[in-house]
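In the two complexes below, chain A is the common chain; its partner is chain B in one and chain C in the other.
Coming up: the complex of A and B.
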């Protein structure tokens, strides 16, 4: 019935589109031929593209595709930075997100079911000609109690793309590229012309610094409009507040700011969040644990993951005096013994770095894979933990079975990573919908591009029919099941700068698969246990129901006394119970 | 049977993985706490990230995820550039791709069915510890007969990321970012340490220029090792040859270099391709038409698509003397009359650019959406054409029904674009497999990330059951059907710099949907026509089969003579034939 109805609706909406098509389908005019170019005329137009210009034009790469997502991305980048800063400084995070609407509230857009499902806005159906998409204007304020930023760095941190402390190290953190927050500011500036405003206080200064800045997209440099001392208007002894005015769209529900903050409270139970929505409603999420997660440590690159080009560069930049020292200090898991082994394989002797030729470095690099080297240390990746991810899933679902697993760390391209998986089944989970998948990377909820994610590749390729679920080819299974996957790494490879989906590295997919399989196996046990329990229950009911009658029948047939009958019934019951148990 | 077998296999492979899991699943050691940071210690580590460093670390964003894809991406970037250059210079392209293997040939890797399906390499199942993935080393040479590059530009074009002529204009071309070929060279350099070698000749010089260069990734600048005059070793009067030595993996089949070149011959019937594969086998694909496609023209930005930030920047950079001239010359579709209308809405008078305040520019920008402005000119986007895309599909499939449509151009974010779709059905297309989708953007075949592509979002959301195909929720339909979609635009928005999938703009999805619907409607007509023909055939057979018997029965019952019987049978046949026709 439901299906027939939706087919009818589809047919109807296609009718409606026919008009558009009739209008849209016209004969294409034969275009004029553009002037022919030559090498000289082309050379005149060849020039440098600043990284800000690049991302301004390609802003969908950073998650600024549409007004709704732009608003969320801005909140996300600010929260990521605040959490990272607090944790690195050993501070339990307390973060306030405040959204003020500066323009009239738009009506909730009409969305069709399919678009709603994927969180997209409906496109107006009126052919090519139309004005810009209507948006709302917001003033976003995010305040944290982090360590603050030293005054001289504020300009570059917020006013320059590709600037930061996280890119050049191998350490697990939410931010990694030095693009996010400055890109959010740039988006605000592009859409409203307003500068970013930053107030930051470090503990050793009594006063805070206030900076108002824009990004010069031509040069990718901060243009500081105001910089002055100010008092820190919050109770924490240090912290940073960031204000961005931007065009956006505020809607609740899936892929919303609300949902993002809620999911953050689940993956960061040590953080307190406050959210004031555009209608002035205040939501408080106090922290659930008063202890910071283990701080991940920074590691050196593992020789197996270092390509020749980088190897040469490291050799050029090292402070080590000789080759052996270089190998032993600039790489992880290279002891003097391992270095000797590599040199032996390469036919190269230890020598001062300045003496080592290009050719000798090539030989050393070539010898590396021939030597067995221990896997990189893995205390640099910190999982959330099985208990906490099950809790997270319990917050999101009402199921009657939960299981979780944290894999031990593994390595891709020299980067350690760890995968965790939690699974919920049954209970109030809808049996006729596709599996719900919650994805996290370095504790950050991933809300977009689920089908582009490595998790999806794994989940759709698994055979879920083995676990009693329905599944069509290359699809997620249908049934009362939800899965949470967390990938933590010193460098999570994403499919784009907006960090929405995990890229397709075979090693990562393999670990995801094994984590999901472990949970699925528990599910399988649970399902058959439940089936057995139901079966036993059914049999027990038979016994309880029929035995008294059998007793009476036997009493009549064999002329038994009441006590005799009781005894026979008792024996019978025991025998049957025993048979039932053995039967399983 | 097939299903049962695959389930058994799945169970078996899970067994095999159990060992890995047992090994992988260990207790995570409690990590040491990293030293706590403060604002000062963080500041010391904050620094600039060069765009080359960024893309070297994030090379999967550029399509260098794994050796096989890296090889393909390198070929692709070089071909894209050659085709663009030839067409801009009005030259019928002739391109030679030569792959020399420099290392021993590796055995074809063992791939499981699922991995084969998605073109991925199988991950070795032995837990965390393992050496680098084995690769092959290639020397790639790509030679074109394009206009050549002036000597002074060669360094920057090939030795600097984000440099080129295509980014700052609004014109349809294959390349657009100024990243591709230099990134390919950088990848070669990273994996083999070898420089790029370029020879280029322009028509007006007798000699060619030879340049050997590396990229300094720290600064994103070319490091020229050799630059000298040389003779052009080819017969064309101008052209460019590029040589890159790189690690890669050569495999035939899906997502291979071979397939990419073949698909290019289909979307570029005006180009001749030669390919010499690593085994020395030579493939020639002579051009099929001797005429260049219409050259797309460059356009100015449309006011509706220009955000405030860009508007201010354009105002700063314009050579126009006054506001009205600025509006009328720097934007498309702004006549003097439209400019007056905008000024009236904004409450601003025309004035010299130097006098215009920030506030006045804001008001003008705010007024733009209130004025009705014609859609941008669309001769800037050049479709392949319905006949040619059907031909392309005919080359790839043996179906018994083909249809195609080219939509009229539309606009997203101020950028004109056009969508074309071709559909093949029936014939030798397998009925039990998912729809095959061929994707092209600005004539470039897209071979990766199909599920991340806007085309996939559209195709999986459509109700294909209406067209007699099987389909499960959110999946492509199953049946004997293949679809080709081409999106052409002055700026195709991709989901990542590797330009593998089209980003999710509602306007683009809408046009794709309408194009597919047009083809699907033709399919629907074909299917019902075929059904009617089959039905008529069946009825005709009934008539032929049963009428003689009916005639005999009537003859016996009514004692008819043979001529009488013949007459009755004739009348009956006519009546039935007529009924059959009317019945339809």
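Coming up: the complex of A and C.
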């Protein structure tokens, strides 16, 4: 899958180049001015733009747009990597996150509520008005008990953007692009000038490797400052510890590091987390289950989801000798017969790869949608499971009613995905606030850009009034309700590289909608059951509450004795109870 | 306060309360669901006959059966009946507001807002076919005001001796009609009683001692007349055989609400209309024809006016009975305008007493019924 992404990235740097060219064009186009540039002088300035440099200038794309978010994103990338690594190695994860504050503590804003709904946008606006947002300096340490990293790879993994194992395959994992942790290190380096420090131990070595490195943003290459053997200071057989010094802002509450870790404990009940906050307070979240989730299998790309650029690239890189072999081995669900059908539609004959022209590949790609191809295997996506997401929600809310559903896997653009949803209702959930939505993608909590996310787009379009909730047009309903939505896929389509919101593909929205509807149906049953029970209760209470006053009034008016009064109250109560049972 | 009528009134209320309570008690002991039966209090349940002269209840009744849905209302009604009995027994009374506060002793059966207790009060009234004064519940509403050729004979509260109140002696002020008027007696040589809608018009006539010039009694109703005002005018007109003329705004509210209620009572209080109405009242003005004859400045009829006028023709047995009224209301709707009493000021501030009233009263036999 990484290849498709790399095509997209290539497109991005092409765009950057276009910008440079557009600048040139402007000069050429303005005839009144004497030309100050010519092709030669421009050529001197035209050079490759490294991805690292591009992202250094566009760090918001990766989620480093403000100090608070930058701190969170750094923690997030490190945790994602650790969890992925542990699971692949079959190790029950144990992760320690430690934040040390290196600068004087800034006062935490009174309420973070301003940033509550539209999230980070408001924070940015506030910052824009008041000048630069005050920052603090942190030393972040993240230690895991994962498989460790071979010494020679450490530099590349942490010191080179777009280097990683997840980029080049179709498999459900948290990290997808191989940008995250190196970008986090780069951010730290840019804001504090400090290098990243990594200690990693693999099980078969007795000693660990210590590496201190910087990223050369121009060449996108690691610049290793120190590399030496050291002893592994932790009890685990293997593991990796990453230290990054960075500027950031630590605030509790919504969209905080605390919240992110807490939500992670919920979507990863098999992992143990330890968190030491900047004030030295320690939080321990022991794992709730001792079983690793079923390891998702890797699949080949499905023809329906492959874009043209990627198709060409795959054709170039394939080890297959001829076209048919290429189609049948490099793609999911393409048999010889299907390949023949595609060739027939394309009007192309099977031939050695080397002979296939650009034109012919285009025709084949064009023909793919015309052929009916079986959906990709779906055992490659692993849901958290209905029981566990209900548990997750139970940890976050104190409600009367819980329900959950896991949909069968489905496919968008050739990518298998699965949606699950859990719903909590009533109890201590506030009745006068908007529905709380917990979003997860491949078990990673999503904390930003809720309104841009497919989940919220589905939820706001649904009619919640049927379930006794208030709802204004195109917004989340108000009432004692919380919803958790988890989308798992070999490739979760995010709206940006910072992986904050799920893009709204119709197929994904439809599955989300069906999942929520299933939960809502259960809710509806619960609500009417509860209503009936409350009604019966109310009637019984009503009778017991008011009949004595009838007795009292009759006694006053008719000068009844106490036994007479008690008798009439008794018979009236019986009469009414009987009528109630008869339903009137 | 004549002792006889007092005892009689008390009796009726007491008997009603006792009978109702007994009936409920007996039914309950038999294991049946007790019921409260009361006439439907609405225009749809009244008829009008010229002979009786008021909107009389017909025979629609609503029955409230004790179920879990009505148990609270039932308890409240019985508690209030009991409170009424207690008031009669101790010869005391409570205002509607006081009654609402008394209910605060009733625990969960208390009333949360006064309109709830007022409604229960009206229900009991209708159930017993008595008025709330007989139940010893008094309204807070202010009665009307009186000025002119009238002596009201009240009773000194301490000594019980008759107290003569001369309504010509209030200067620029006026005599206030008390909440309860049953004990009052009257002396007058006035030629007519003029019931006026607005305090403003009343003030103008009082300030110029119009009552002396015209030898009459002036009543300020201040909108729809209260029960006390209606009863006061009725008793005065009955005992003195004095004609009653009504002077209100020339709009559907003045006609269908103020005048109709004065003359024949209302739908909502149909059970007491018999006593709280003035059948001898006639309508002097402002008539739709006056608007034309006196070239009065007008305002267009609002939607609510038109609705009220249509309602009067369609649903009100009083107007339906009197063809001239149907014609007059139709005329107003056709004209599409209304005129206030004080519009007469267009012709000069004193035009109303120098020209309008004398001219109109000369032809009192032509007043609308």
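Following the convention adopted for this analysis, the second predicted complex is superposed on the first by the 413 of 584 C-alpha atoms of A that agree within 3 Å, B and C clash if a C-alpha of one lies under 4 Å from a C-alpha of the other, contacts with A are read in each partner's own complex, and residues count from 1 in each chain.
The rule is short, and it goes like this: a residue touches a chain if its C-beta (ideal position, glycine included) is under 8 Å from a C-beta of that chain, and two chains touch if they have at least 3 such contacts.
All values reported here derive from a predicted model rather than from experimental measurement.
Contact with neither chain B nor chain C is seen for A:529 once the two complexes are overlaid on the shared chain. Within the superposed three-chain model, A:542 lies in touch with chain C and out of touch with chain B [touch as defined at top]. The wider contact with chain A, measured as residues touched, comes from B rather than the other of chain B and chain C. In the superposition on chain A, contact of A:65 is made with chain B only, not with chain C. Contacts of A:310 after superposition on the shared chain: chain B is touched, whereas chain C is not. With both structures placed on the common chain, the touch criterion links A:207 to neither chain B nor chain C. In the superposed pair of complexes, A:150 makes contact with chain B only, with no contact to chain C. Contact with neither chain B nor chain C is seen for A:398 once the two complexes are overlaid on the shared chain. By the touch criterion defined above, A:505 lies against chain B but remains apart from chain C after alignment on the C-alpha atoms of chain A. Within chain A, not a single residue is touched by chain B in the first complex and by chain C in the second. Partner chain A is touched in their complex by these residues of chain C: 17-18, 21-22, 24-25, 28-29, 31-34, 66-69, 71-72, 74-76, 78-79, 81-82, 85-86, 106-109. Touching chain C in their complex are the following residues of chain A: 539, 542-543, 545-547, 549-550, 552-554, 556-558, 560, 567-568, 571-572, 574-576, 579-580, 584.
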